[in-house]
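There are two complexes below, and they share chain A, which is joined by chain B in the first and by chain C in the second.
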Partner chain A sequence: MAISVKVMRRPEAGRTSYMRATLKGMSLTFKHLVRPTKVTLEYPEEQPDLHPRWRGTHRMEVHADGRPKCVACGLCPTVCPANCIRLVGGEDDQGNRYPIVYEIDEFRCIFCGMCQEVCPVEAIHVGRHFENAEYTRDRFVYDLDRLMEQDHPTTLLWDPSDPRSE
Partner chain B sequence: MADNGRKADTVTLTIDGHEVTVPKGTSLLHAAETLGTEVPHYCYHPGLTAPAQCRICLVEVEGAPKLQPSCVTMAENGQVVHTDSPAAKRMRQGVLEFYLVNHPLDCPICDMSGECMLQDYVFEEGREKGRGREPKRVFGRDDFGGDVLFYGDRCVMCTRCVRFMDEVARDPRLTVVERGSRAVIDTFFDRGLEGASFAGNVVDICPVGALVSKDFLHKARAWDLDRTPSVCPNCSQGCNIELHTRDNLVQRLKPRENREVNGHWMCDYGRANYEWMNRPGRLEEPAAGRGAKRCVADWRSALEHLFVKLREGAEVKAVGSASASNEALAALAAVAGAAGEVSARVFRSPRAADEVPLPGFPLLVRRRDLASNVDGAGLLGFERTGDDRANGGLEDVAGHDGALLVLGDELTDQNEDFGAAASLYVYLGTFDSPAARNADFVLPVTTFAEEEGSFVNAQGRVQRYRQGLQAPGSARPAWLVLGALAAALADGGVPESAGDVFAELVAAHPAFAGLAWDGLGDRGAALRTEAVHG
Partner chain C sequence: MGEMQELSTFWFVTVAAVKVVAVFTVVMGVVAYMTLAERRVSAFIQDRLGPNRVGPFGLLQPIADGIKNIIKEETMPGTAAKFYFVLGPALAIMPAVVTIAVIPFAAPLPTPVGTVDMVVADVPIGILYILALSSLAVYGIVLSGWASNNKYAFLGGLRASAQMISYEVALGLSVIAVLLLVGNVTLTETVWKQQQLGMWFVFPLSLAFVFFLISALAETNRLPFDMPEAESELITGYHTEYSAMKFSMFFIAEYAHVVTASALLATLFFGGWDIPFWTGDDMFRHESGWIRGFDEAGAPIPATPSVLITLLTLGAFCAKTGFFLLLYIWIRWTLPRFRYDQVMHLGWKVLLPGALGYVMLVAGTMLVLDQLEVPFGPVYGGVLTAVSGVTTLAFLLFVDRDRVIAGAHRKRNLARRRAGLPAEAGDPAVSS
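For the complex of A and B:
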């Protein structure tokens, strides 16, 4: 098939006035001056209102005594489609199963939230949070301490008043 | 429809609408199994007696007033059995609900999760939600000694462990104490399972997570493990096992059923001895040159140089290993034979002070020979040397001035002068050794877990094992390295698989006559008896 060429038909010079279009544009500009439609956000002074089901970087819930809630059951690394969770289970001195190593590679994570959904003890959560900038790449592998330190709100895939969806 | 013209020692019955003919004395549970129908069961285990106490295998038999336990009800002519009728299903659901009355449902932290029969059956047929509102009774956990840990809350009181220790190990160290909901498995006073030689099997036969291995505790999830059929390398019994691997490491060994060799069992010695398969610091690249002149080579140039050296011809002494496969040893013998006159073919292997038999299954004995292929090495013309700790015995070899081939023997007791006088010294091994210092060629080979091959066990049974781990670096199976050399020396074709080498082995060694690689399968095949005892 031959390439078709579209020929633009332009008004001849000197036979058309641009005055009308110019005035139309200027009137819109003046309208904004009087009654502005604001679409920008003055971040970081102003913070965006994140959707309740926004899925950001993870955080690990902790017990009152500071232990992680995770019991190292291995479901989140199993369900994770991006294979970004590394978990080594062990036993603490009180005989509780806990994660000796729990690492999430946030670069590899696709923020699907399945880890939160599958967790039987409501330990791992994705957060309503987006400010993740770091100076080095290795800081994006969050270890257990880092996950426990995170204090941003968690995503409402999970309703805190009805944790087991009963 | 009954037994028109059929032999009297079989019976024909109908299970779930399918007619099936089974030998007389077959339980309904087994008869259903031949049709591919699994009837849930806990207390029944094919290696133990059936007390019919778990009540989960109840099936409906037409004409019987009540549901019948399928594990002890024998098949009879003309029986009509329904394993999945509404009555049977309702009963199973009820039984499962009773099991869950006091079960902690701690699947997330239970080591059995993923291979637990309670989990499976409840998932398949149980109630979606529990109705229990009462608090559950709590036992906590108990150290049974040895490698066994007991979580009383998870127990379903099938008493498989009690019966195993009683009937098979004939060392009754476990019992049921108390009654009703307080019933619990326990040891006698302060005497636990420590020192028992087969107690690890109670962990395997426990259908739930009540008995777990201390060694495996929290180590890996059942669904993360890759399972490779293999043969236990820790003694010459050659128990059929599975290598359970994850992250290219062996995590545990589990017995695999083979009624000719080990039944359903394996010994604790074999089970616990797997860390050496994960030992780091392996030889990874071929190297050539003696002492300080040693430098890394690639396989092609190393083998080409070695081939030229071997062609020069010399008196050959070969040191094999009782842990090497039949294929590797046969290829070693072939290379030695093609390179010159062979004056010695020896191997060293550790021996235990005594045998450890399993009284309830007399075929299974932890043998004195603590290497897997002592009998294979013997059949392939290698002679035992050295003492019971696999030391010494190499005085002739160490100072030999001809060609010296060492396969799989780490030579830990030998000093740096080993092989100094040899005109050609080839060391095929998994680890470097001071005694390999004078080697002209150091060739990295794989362990049994990283290759395919076969062993001959103490019963004269040839058994195949399969590859469960990836070899480190460019280590190659010894049968491949030596098979390629033997082929080059004899102008033959390079073997492409362990099966090719095995075929050559069968042709060259009459003791193996009549065996075929594919015929070995996963259960092995016996050598002709005159070969074993001749």
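For the complex of A and C:
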């Protein structure tokens, strides 16, 4: 048979109850009516518990002197599947590489977290944060300064020895 | 006291006007808060919280909804019959809000200008007025369904007419049992007789109460009988094409019907404004004054209306009506919708013969009791309670089996099994 047919097993005719089933249903709904625990999260006042590996808004880690940790190696724009990172690297007098332009388009980003995984100096991170609404579209392109300003907790990377993050 | 101080014509008109405004306002307020209660209770039943943002506990939500509905755009389908399309909601809401007028909601109130009945209009035809006007509501629904020029709206209107006519019969027949016991059609006398009997009619007429409850659910188009709306089949049935305040009219009409039905259930079967186990609130207009009852010699015992008793009885009436309002919501969020043929089957093949038979039974029992000259009191009520209780149990056992709402194939197999034949091969409904 090409199509599988699911057979509903119903009680035989004349063997079912309606009054008792109705009363049972009424008592069940009443129990839920008076049950004090509700599942609703009253969002703006109550914040959801974000998982340690929740991937949200990016942030750029900074050194103690305020410089970004990024060394403009170019791995994150390369690995980014959504092509949302724009990086122009530069070099200072001591030969240290640093990003002249570092922009992430949060609209294009798919929050895969591969930029954080690939970063050799743990500079770019995805974060446990999701409240990034804006009034205009251009505000969704985060430049370097904005990425460095972010202060939400960063995402925990997947640990092969603890695959379920327990 | 006891002597009745009649209102002068001027005060009669003034008091009547005040009562009309007060009752209308209260009913509209209750309707508004029913919508909130419906949403909150349904949310609680589903372990949610419901609307609690507008005002404390969401108490201003009905006002917000009202403002929204007034300022929304009114759409008018291009091919609708415009006159009838506009007439529909008006016809639907009118009977819904006027039916409450004959329901007594408290004991008489003494005022400096005379004793005032706590009922908007104590008309002699009482319950007949309610039956007549509540049946008119179906015209609004059918008319709006037809005038929308939309298949689904039309089907909703058709279903509404079929369903409301079917259940009107059972509703009327279940009321007849009450009328037999009261011997009159006014609702004030219905309350008085329940006080005299010493028990609410839900006990001596328990099966009539069951029939009335089911029929009232069907008459108000509430789940599990909301065939005319049936979202999953007919979008929203007769009000599919309506928007903004015209839609609101249907909504208000539905809830006003629910309020009337609840008040009627409380009045007919739960003693109206009567406070149980207390004869101090018994009061009835008898010849020239208010009486509490009759002594052994048959002489009337005078009663004294007081503000306190009026307030207490008003509270009792509100509590009973409120319970039925909650019951309506509770049933709605528990039971799934009937199939259309099940609704018709239940109405015509179960409730109609059942109610007819029950009226005969009540009439017969009353005839026997009257022949034995049993006084109208606890013994009289007790016998009726026993008879009705047995009948009710038998009826509930009957509908407990799936004779009423089984599908066709199950009924066919049931017939085959009774005839000693094996079940039809390949029928998915057959299992051991």
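Assorted remarks:
In this text, the second predicted complex is superposed on the first by the 123 of 166 C-alpha atoms of A that agree within 3 Å, B and C clash if a C-alpha of one lies under 4 Å from a C-alpha of the other, contacts with A are read in each partner's own complex, and residues count from 1 in each chain.
We take it that a contact is a pair of C-beta atoms (placed from the backbone, for glycine too) under 8 Å apart; a residue touches a chain by one contact, two chains touch by 3 or more.
This is a predicted model, so every value here is computed, not measured.
Once the two complexes are laid over each other on the shared chain, residue contacts for A:Met148 go to neither chain B nor chain C.
When the two structures are aligned on the shared chain, A:Thr22 is found in touch with chain C, with no touch to chain B. Residue contacts after overlaying the shared chain place A:Ile124 against neither chain B nor chain C. When the two structures are aligned on the shared chain, A:Cys115 is found in touch with neither chain B nor chain C.
Using the contact criterion defined above for the overlaid structures, shared-chain residue A:Arg97 touches chain B, although it does not reach chain C. Chain A has more of its residues touched by C than by the other of chain B and chain C. With both structures placed on the common chain, the touch criterion links A:Cys80 to neither chain B nor chain C. When both complexes are overlaid on chain A, the residue A:Val71 reaches chain B alone and has no touch with chain C. Listed in rising order, the residues of chain A touching chain C in the complex are 7-20, 22, 25-26, 28-30, 32-35, 37-40, 42. Interface residues of chain B facing chain A in the complex, by the touch rule stated above, are 107-109, 113, 141, 217-219, 221, 223-224. Looking at the complex, you find that chain A touches chain B at residues 71-75, 78, 89-91, 95, 97, 120-121.
Considering their complex, residues 41, 43-49, 330-331, 333-335, 396-397, 399-406, 410-411, 413-414, 417, 428-432 of chain C touch chain A.
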